[in-house]
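Below are two complexes that have chain A in common, paired first with chain B and then with chain C.
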Partner chain A sequence: MTSLDPRLNRVDIYKYQQELQPKDSMDQFETYEVFLQTKESKPYQHEGIVHAPNRDMAFLFAKEQFSRRGTCTGLSVVRTEHIMVSPMTDNDENVYDLVSVEPEKNTKKETYEVFYLFKRGKHMQHQGSVSAVGFHDAYIQAGATYNTGKTVLNVWVIRHDDMLFNTEDERVIWSTLSEKKFRDAIAYKALDKIKKFKEEQLASK
Partner chain B sequence: MYGGGNTFEKLKTKSIKEENPEKLAEFEARIARGEKIEPSDWMPDLYRKQLIRMIEQHAHSEIIGALPEGTWVTRAPGFKRKLALMAKVQDEVGHGQLLYSAAETLGKSRESMIEDLISGKSKYSNIFNYPAFTWADSCFISWLVDAGAIVNQLANAKGSYGPYCRALDRICIEESFHLKYGHHCVIHLATGTPKQREMMQEALNRWWPPMMHFFGPSDKISAHTEILMKWKVKMDTNDNMRNQFLDMYVPKIWELGLTIPDPNLKKNEETRRWEYTEPDWEEFKRVINGDGPCNKERLAVRAMAEERGRWVRRALLNPKSKYVTPLA
Partner chain C sequence: MNEVAIKDLLYKMADDQLIIGHRNSEWNGLGPLLEEDIAFCSMAQDKIGQSLAFYTILNDMGESDPDTIAFTRNANQFHNCQLVELPIGEYDFSLVRHFLFDTSEYLRFDALAQSTHTPIAEVSAKIKGEIQYHVMHANTWIKQLGTATDEAIERMQKAINVAFPYALGIFEESKYEGDLITDKVFIGEHILRERWIEAIDKVIATTELVIPDLAAEEAHLGGRYGEHTEHLQPLLTEMTEVLSIDPRAEW
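On to the complex of A and B.
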């Protein structure tokens, strides 16, 4: 059986299927949640996940997966299991009215990042940072500061040090985005070509 | 690209009658209000299984769909086309990742999805079992197969499952470039030299039958289909999607002086529906079940990537890591 792809004819592609073993457990690694900031004036927003063997590679994959287009000023990844997640409430119920927690007994203060969801189907959005002695303490403190008016449906709390952010200097990795015009729909002027074609056809008749 | 409301296998699930009626009523009321379902919400077994099946097949289609076009990256005519095609193929693989992630939030691991693809247990869009003989074939795929996919995806993006909708929103934004790029490539050939025109026409002749298969056979309006439409898993019937595609793209194909290889294709102005020769659904079934021109090669290539990459994944694996289901 020959392929139309000359590269495939140079290897015996069919031999691998015979040797194929089932995947090892965790073959696809653990997952990291990805947060993106498209402009400095905008909050970080949850975009999705990547699978990666460690945080640095998660960052690399996240850059390829989620910041290939548009503009980007910041990217952050964190292991899924490092996020404290509140239950999700119904549309008109504020999570702070339903879920109360006891503050922790620790005394060491650390920085926590807090994300809220205001509407089902939308993305989790960064509200700000709080200095707290634990996840529960951070949840309560964030409520006092950021739970103002809008109904909060879901809260995520993450220890700042668990998140990997790019540094200011590293923003150069996105500086070529605007040059890659060949990936913009607007770069393809199809109508001009069609118009010229039709004019030529009319002229030849 | 390449999602569809159709799945190819029979599903074994808990019947709806076995579900908790109170929870089911709440769930249906939420969807009726136009709200999204999120991973932590209660959902009926049928909803979960059907969505996993559908999103997983969509993801596989992105990964396998990159192959017939990817073949042409090394032989693209000129540097500009090569850059654009590489970017497009990279996009498709990225879309596969986004979709696997959305399916994962429903509880199926990525390991098992990839295994089911390679073993042939799980399907992908049938159109990728056909070969791209010439550069013009790759242009057809970039323009019209993507166009068909966008019709599907725009509909599905209005569905009820939050993570799938968010993935599709991102995908649709990226697809807009694919469509324009593909259109530009086809126009270039169709308005070029006689040899180029001929090449484009031949590709169109080859790809039209699989394109008509793309949206799947007419739906049997069963109780099953009705409930999936009520739950906003399936957003429209296959025939409606096909009709919408023909409405949008047949005039654009004719405008280029190309001939569509179906003498019966015309729009009935009274019914506002397109009429066409009934596609050969026997062939469709045969190809889905493994007997298409490229099925074996596509899966062999995927298995090769799996085997050759294994040592890298093993070397990188942190043995202490453990899996938790992603959040959204």
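On to the complex of A and C.
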């Protein structure tokens, strides 16, 4: 069998075809959560997940996965298992009214980043950072500071040092992003072309 | 300023970007991981965009329009170095070429951002950021695989040994090298090569890999003036396939 795609014929991909074997459980990369800041004035928000063998590789993958269109001023990745996630409440319940946590035994203060979800189907949004002795302490402190009115459906708490952010100097990697209109389908005016083609066909009948 | 010298410099840079961009895009859909597939092809797309920027400067200087320059020349009219036209091979080779080539282009555009030729300086300053990510991507992969299993290290080393003499060909001097340096258009290939060796050494030193002995290596030259391997013409034929079937095609 040959393909219309010369690349496929060149790599002789059929040579490598074999029966699919189920993989051993957990025989895969760990997952990393990706947070994006689209403008300097906007908070970081959760965009999605990448599989990667480590944090540096996760950053590489996340950059093209989640910031290859539009605008971007900052990116951060963190191992999924390094996030403390509160239960998700129903639409009209505030998670702070339902979940109480035990005080921490540690004494060493560290910086924690806090993300809230205000509406199902929307993104987790960065609220700010707190200095706390642990995840639970950070959760409580964040509640006092950021739980002010809007119903919070879900809370994520992440130790700042577990998050990998780009440096200031690395921001230039997005400097030409807004010009890459060719990555948007709209740039090709495909619908206009199809419409024109159909009209021409009709006219010629 | 010597206009012929500047055009010579622009042609080789534009052709390098077009050919490496087209080559690397061949991984589209075949990459080793979904995320990597997207990242690698995105970078290939960046490089084709960069070639357009340089062909546009050439057009402003009186050369044909970018599409004509890109799609209607034969292999012996191309000024790219031979490194960029080699087939993609296995992923180890593509990554090693990406590392060796992109490090050189980052340093090239970093230097050219200070060029006395304003259009070149402006484009170089602008695209440097894109290439900063390309280099970050290359370095992270080299560090990852260059410290991984015996098989990974062996394959990466083999790819370095194959690619290295071609990589030295990146720095083939222009006929007008002296003019470009005197007019402060460009620092020249010699200084660029020194900076490149220093930069790749720094990354390779963090791995189990080694850079071949420079004294024993002979650069594959000729690409800058139309001497190419047998791999370039088939690439051009494939790249221009649609145009040769239907010259009026639009997409």
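One rule holds for everything that comes next: the second predicted complex is superposed on the first by the 164 of 205 C-alpha atoms of A that agree within 3 Å, B and C clash if a C-alpha of one lies under 4 Å from a C-alpha of the other, contacts with A are read in each partner's own complex, and residues count from 1 in each chain.
In the analysis below, a contact is a pair of C-beta atoms (placed from the backbone, for glycine too) under 8 Å apart; a residue touches a chain by one contact, two chains touch by 3 or more.
This is a predicted model, so every value here is computed, not measured.
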{"item": "First, second, both or neither for A:Val172, with chain B first and chain C second", "value": "second"}
{"item": "First (chain B), second (chain C), both or neither touched by A:Lys63", "value": "second"}
{"item": "Chain B versus chain C as contact partner of A:Lys180, first or second or both or neither", "value": "both"}
{"item": "Contacts of A:Ala144 with chain B and chain C, given as first, second, both or neither", "value": "neither"}
{"item": "Partner chain(s) touched by A:His51 [first = chain B, second = chain C, both, neither]", "value": "both"}
{"item": "Touching partner for A:Tyr188 - first (chain B), second (chain C), both, neither", "value": "both"}
{"item": "Chain B versus chain C as contact partner of A:Leu4, first or second or both or neither", "value": "first"}
{"item": "Winner by number of chain A residues touched, once chain B and chain C are compared", "value": "B"}
{"item": "Chain C-contacting residues of chain A that also contact chain B", "value": "7-8, 11, 13, 50-51, 53-54, 57, 64-65, 68, 180, 182-183, 188"}
{"item": "Touch list for chain C against partner chain A, complex", "value": "26, 28-30, 33-36, 38-39, 42-43, 45, 49, 87, 126-130, 132-133, 136-137, 140-141, 143-144, 238, 251"}
{"item": "Residues of chain B touching chain A in the complex", "value": "33, 35-38, 40-41, 71, 74, 80, 83-84, 87, 90-91, 94, 97-98, 101, 104, 109-111, 114-115, 118, 131-133, 162, 165-167, 170, 173-174, 176-177, 179-181, 183-184, 187-188, 190-191, 255-257, 296-297, 299-301, 303-304, 306-308, 310, 313-314, 316-318, 321-328"}
{"item": "Chain C partner contacts - residues on chain A that touch it in the complex", "value": "6-8, 10-11, 13, 50-54, 56-57, 59-61, 63-65, 68, 170, 172-176, 180, 182-183, 188"}
{"item": "Chain A - residues contacting chain B, complex", "value": "1, 3-5, 7-8, 11, 13-14, 16-17, 19-31, 33, 46-51, 53-54, 57, 64-65, 68-69, 80-81, 83, 85, 87-88, 91, 120-121, 123-124, 156, 180, 182-190, 193-194, 196-198, 201"}
